[in-house]
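What follows is a group of structures, each given as structure tokens.
You will see two complexes here that share chain A, one where it goes with chain B and one where it goes with chain C.
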Partner chain A sequence: MNQVVAVTINTFKETIRDRVLAVIVVFALLMIAGGLWLGSISLGEQGRMMKDFGLVALTVFGLIVAVFVAAGLVHKEVEKRTVFILFSKPVSRTAFIAGKFVGLCGTMAVVIAGMGLFLFVLVWIVAGQASGTLLLAVVMIYVQLLAVMAVTILFSTLGSAILAAVLGICVFVAGQLSHNVLALTRLGKNPLTEVLSWVIYVVIPNLSAVDIKAGAVGEQTLAWAQIGLWVAYLLAYLVVALALAAVIFRRKEF
Partner chain B sequence: MTLATALSVRGLHKTVHVGFRRRPVEILKGVDLAVEPNDVFGLLGPNGAGKTTTVKVALGLMRASSGSVDLGVPGLSHVGYLPENPYFYDYLSGREFLGFCARLFGLDGDARHERVEQLLRDVGLDDAAATHLHKYSKGMLQRIGIAQALVNDPELLLLDEPMTGLDPVGRVEVKRIIEGLHERGKTVMFNSHILGDVHELCTRIAIMRTGRVVWQGSVDEALAESATLEDFFMKVVTA
Partner chain C sequence: MIRRLFAIIVVMACAAGVVAYQVARPAKAPATPRVFVPSPRFFLDFSPSFRTSIADAYYLQMVQYYGEHAKSDGRLDSLPQMVDLVTRLSPHFARAYLFGAFALIDAGRPDVSYMILQRAFKVDPNDYRYPSYLGFFVYHYGKGKTKDLVAARWYQKAASVPGSPTYLPRLAAALLGKGGETEKAILMWGQVYGAGDKYSRQKAVAGIDRILPADKAARMKAVAPLYGTMPKAEFDALIAELFKGYK
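Up next is the complex of A and B:
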């Protein structure tokens, strides 16, 4: 447990002190603030436009940070040979993967919370009020990104950092669409495409199930019990992805 | 802790597979090595002889294809290691880095703080403790590297080329640290190409060539056969 805590703290310091991260976050905040201009040209829907655009910007920039940082976390340690220092001490590969992930979770929590609060304040200023559902939508984006980070770390133990980042983004996109694709192929009555889309639906995390952006902007009623179950599913999914990453990483030699 | 044998390597083989066709390359071809407690042991050999691989297998960074390694201590809790040309986390200060290493060994609170400050003083980096590691000179990095290897007060210390790239002052400082460890009863094994340092520091040496230990014994035994350690080394590796 000490080892996980040590790697977690170190990963948090590593990622939070990264200047590239600060640049991306500043850019993301500017994009979210850009929603003010979009709102000003929408007739009477300024608050809604602000929420809609802000949540999308938060998702996109959160995704960029999540996949690119997650993809490089393990690789950097191997390339810069700091693994020699780590694994010549009583640190298990599993503790290393767990610590890396939890440390990144901390950094992402700071990044997403910062962007989310900024959006919340802007919506409050524009619309005169902002509901807690907006903050919950931000939390759900965070949950989706956790699953994508875990999958990206898994990919990074199999191949290059760039490939892992690209695959991480693909998983995010597929995770938003897989249930729609499954529903469409069921309408088509083609057994092969139905089986294929079912396999994709099962293998890829169903991220859209916890996407409550539409509810946050008032377009959809939210079923909280169901969302809670999907959150539990995503958390179980990321544990499995990290366990697989640890198994693969245990086989590596340095 | 008193060790029966600080490090024992028997019949160690290591084969790696390289290239697209996974061509097997045998790096270690049956290494036998015995390091006794309180030895300052020099592992010598030309580049590619298998010195670093032997150490990496001993530490579990690589797996043996066959043969065995006995560290003489349970797990890695009593072992310290300094890799060759070490790279550390440049976003951390010297103090933070040693604190991180101490935490990996389960040192908490005051014990961790005291250990880190003690090590910073021991390696002469207390003035640079708050400086980020990317601002450290090569000599300072080597000293912080030795400090991280000592964080758990190890019985066995494995140093890979600890003097390489250091200026004369840095080399003297590292040598003093090794001598100090020997005086405190610790076992030190280091790889080196600098035979003058080996002569000065080591009690026993082993010479490796193409994946095998071709000679091991005391420095005095080597000097009984040749006028200098350089002559003896050349005789053994070119035989």
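Up next is the complex of A and C:
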């Protein structure tokens, strides 16, 4: 446990100090504030425009941070050879993966919370009322990104950092289209493709199902039980992805 | 020194070229009345998580498109598709329905406007604005002898929505009377009288008086259905006003 905590703290400090991260966050904040301009040409729908475009900006920039930082986490340690020093100490490879992930979770929490609160306050000022569903949507985006981060870490144990980042983004996109894959399984006449698309449907995280961005603008009725189930599903998913990453990383030779 | 000066001159010349091009080029391409509007199905299938954001983007485009064409060539060929796309991606987007409905009138498509508002009312039956605008559109743009009655029915629906303005039952009652549905009009005016303020009561009395026959017996028969539909004290007060001057 101490090993995980040590790696977590170290990873958090390392990633939060990254200047690229700061640049991306500043850019995201500018994009969110840019929603003010869009709101001004919307015939009185400023609040709605701010919420919608703000959440999109938060998702996109959150994804960029999550994927690129997660993809480089393991590789950086290997390339800098610091991993050898680390493993000469009583740190297991599983604890290393777990610590890296939890540390990044902390960084992402700070990044997403910062952007989310900025958006929340901006919407409050523009629309004149606080939106609880907006904060809930931000939390759900964070949970989605955690799943993408776990998958990206899994890919980073298999191949290069760039490949892992690209595949991480692909998983995010595919996760948005998950229900289409299911529709394909129903349309398919060929049993092989039917089985294959069903497997893909099960393997890819169903991100579109756990998205409540539409709820922030009153297009979706939200039930706590449903949200709890979605969060549990994604948490279970990321546990499996991290366990796989740990297994692969344990067998890896440097 | 010369090399540095040369570099500065090159940079300055490039900067001047960029500014000159931007200043000289036309501000914007001439707007075309027909623009490509994708099917809502496409976005619902391929981007369900971002459907409201896409709806917002197209809503902004719709407003721009209307602004560009309404006052210039008056051609709003793609507006029906735009309104349809935005409202299908975001079915509770009230402003898109209302703006779209009025813009479609300008586009010469009150039929589409009517359909859009009907869909809106189906999605949000607690918003009185949709049926009241439907009534307005039927009354103003409808054709045929029954248009007053159809409009009155929409106003009746609007009036039955909790929190709707008090003028809606008056409108409904007036149109019912105009359309020939005397009994329904009297009942509606009775509701206006029972629930209204002094102004509404005056309107209700005048409205019923206008459609009632002059003969006392026929008048009595016509107002009989009101009995039991409103509190007795108000019924008595209304009857007293309607039969003022009768012996």
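Note that in this section the second predicted complex is superposed on the first by the 238 of 254 C-alpha atoms of A that agree within 3 Å, B and C clash if a C-alpha of one lies under 4 Å from a C-alpha of the other, contacts with A are read in each partner's own complex, and residues count from 1 in each chain.
The definition used in the following text is that a residue touches a chain if its C-beta (ideal position, glycine included) is under 8 Å from a C-beta of that chain, and two chains touch if they have at least 3 such contacts.
Quick caveat, the model's predicted, so the values are computed rather than measured.
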{"item": "Touched partner set for A:88, first chain B, second chain C, both or neither", "value": "first"}
{"item": "Partner chain(s) touched by A:253 [first = chain B, second = chain C, both, neither]", "value": "first"}
{"item": "Chain B versus chain C as contact partner of A:80, first or second or both or neither", "value": "first"}
{"item": "First (chain B), second (chain C), both or neither touched by A:177", "value": "second"}
{"item": "Partner chain in contact with A:6 - chain B first, chain C second, else both or neither", "value": "first"}
{"item": "Touched partner set for A:217, first chain B, second chain C, both or neither", "value": "second"}
{"item": "Which superposed partner A:163 touches (first chain B, second chain C, both, neither)", "value": "neither"}
{"item": "Complex contacts: residues of chain A adjacent to chain B", "value": "2-3, 5-7, 9-10, 13-14, 17-18, 80-91, 253-254"}
{"item": "Chain B residues touching chain A - in the complex, by the definition given at the top", "value": "56, 59-63, 75-77, 79-81, 83, 86-89, 91-92, 96, 100-101, 103-106, 108, 148, 152, 158"}
{"item": "In the complex, chain A residues that touch chain C", "value": "38, 41-45, 48-49, 52-53, 55-56, 176-177, 179-180, 207-208, 211, 213-214, 217-219"}
{"item": "Of all residues in chain C, those that touch chain A in their complex", "value": "45-53, 56, 59-60, 63-64, 90-93, 95, 99"}
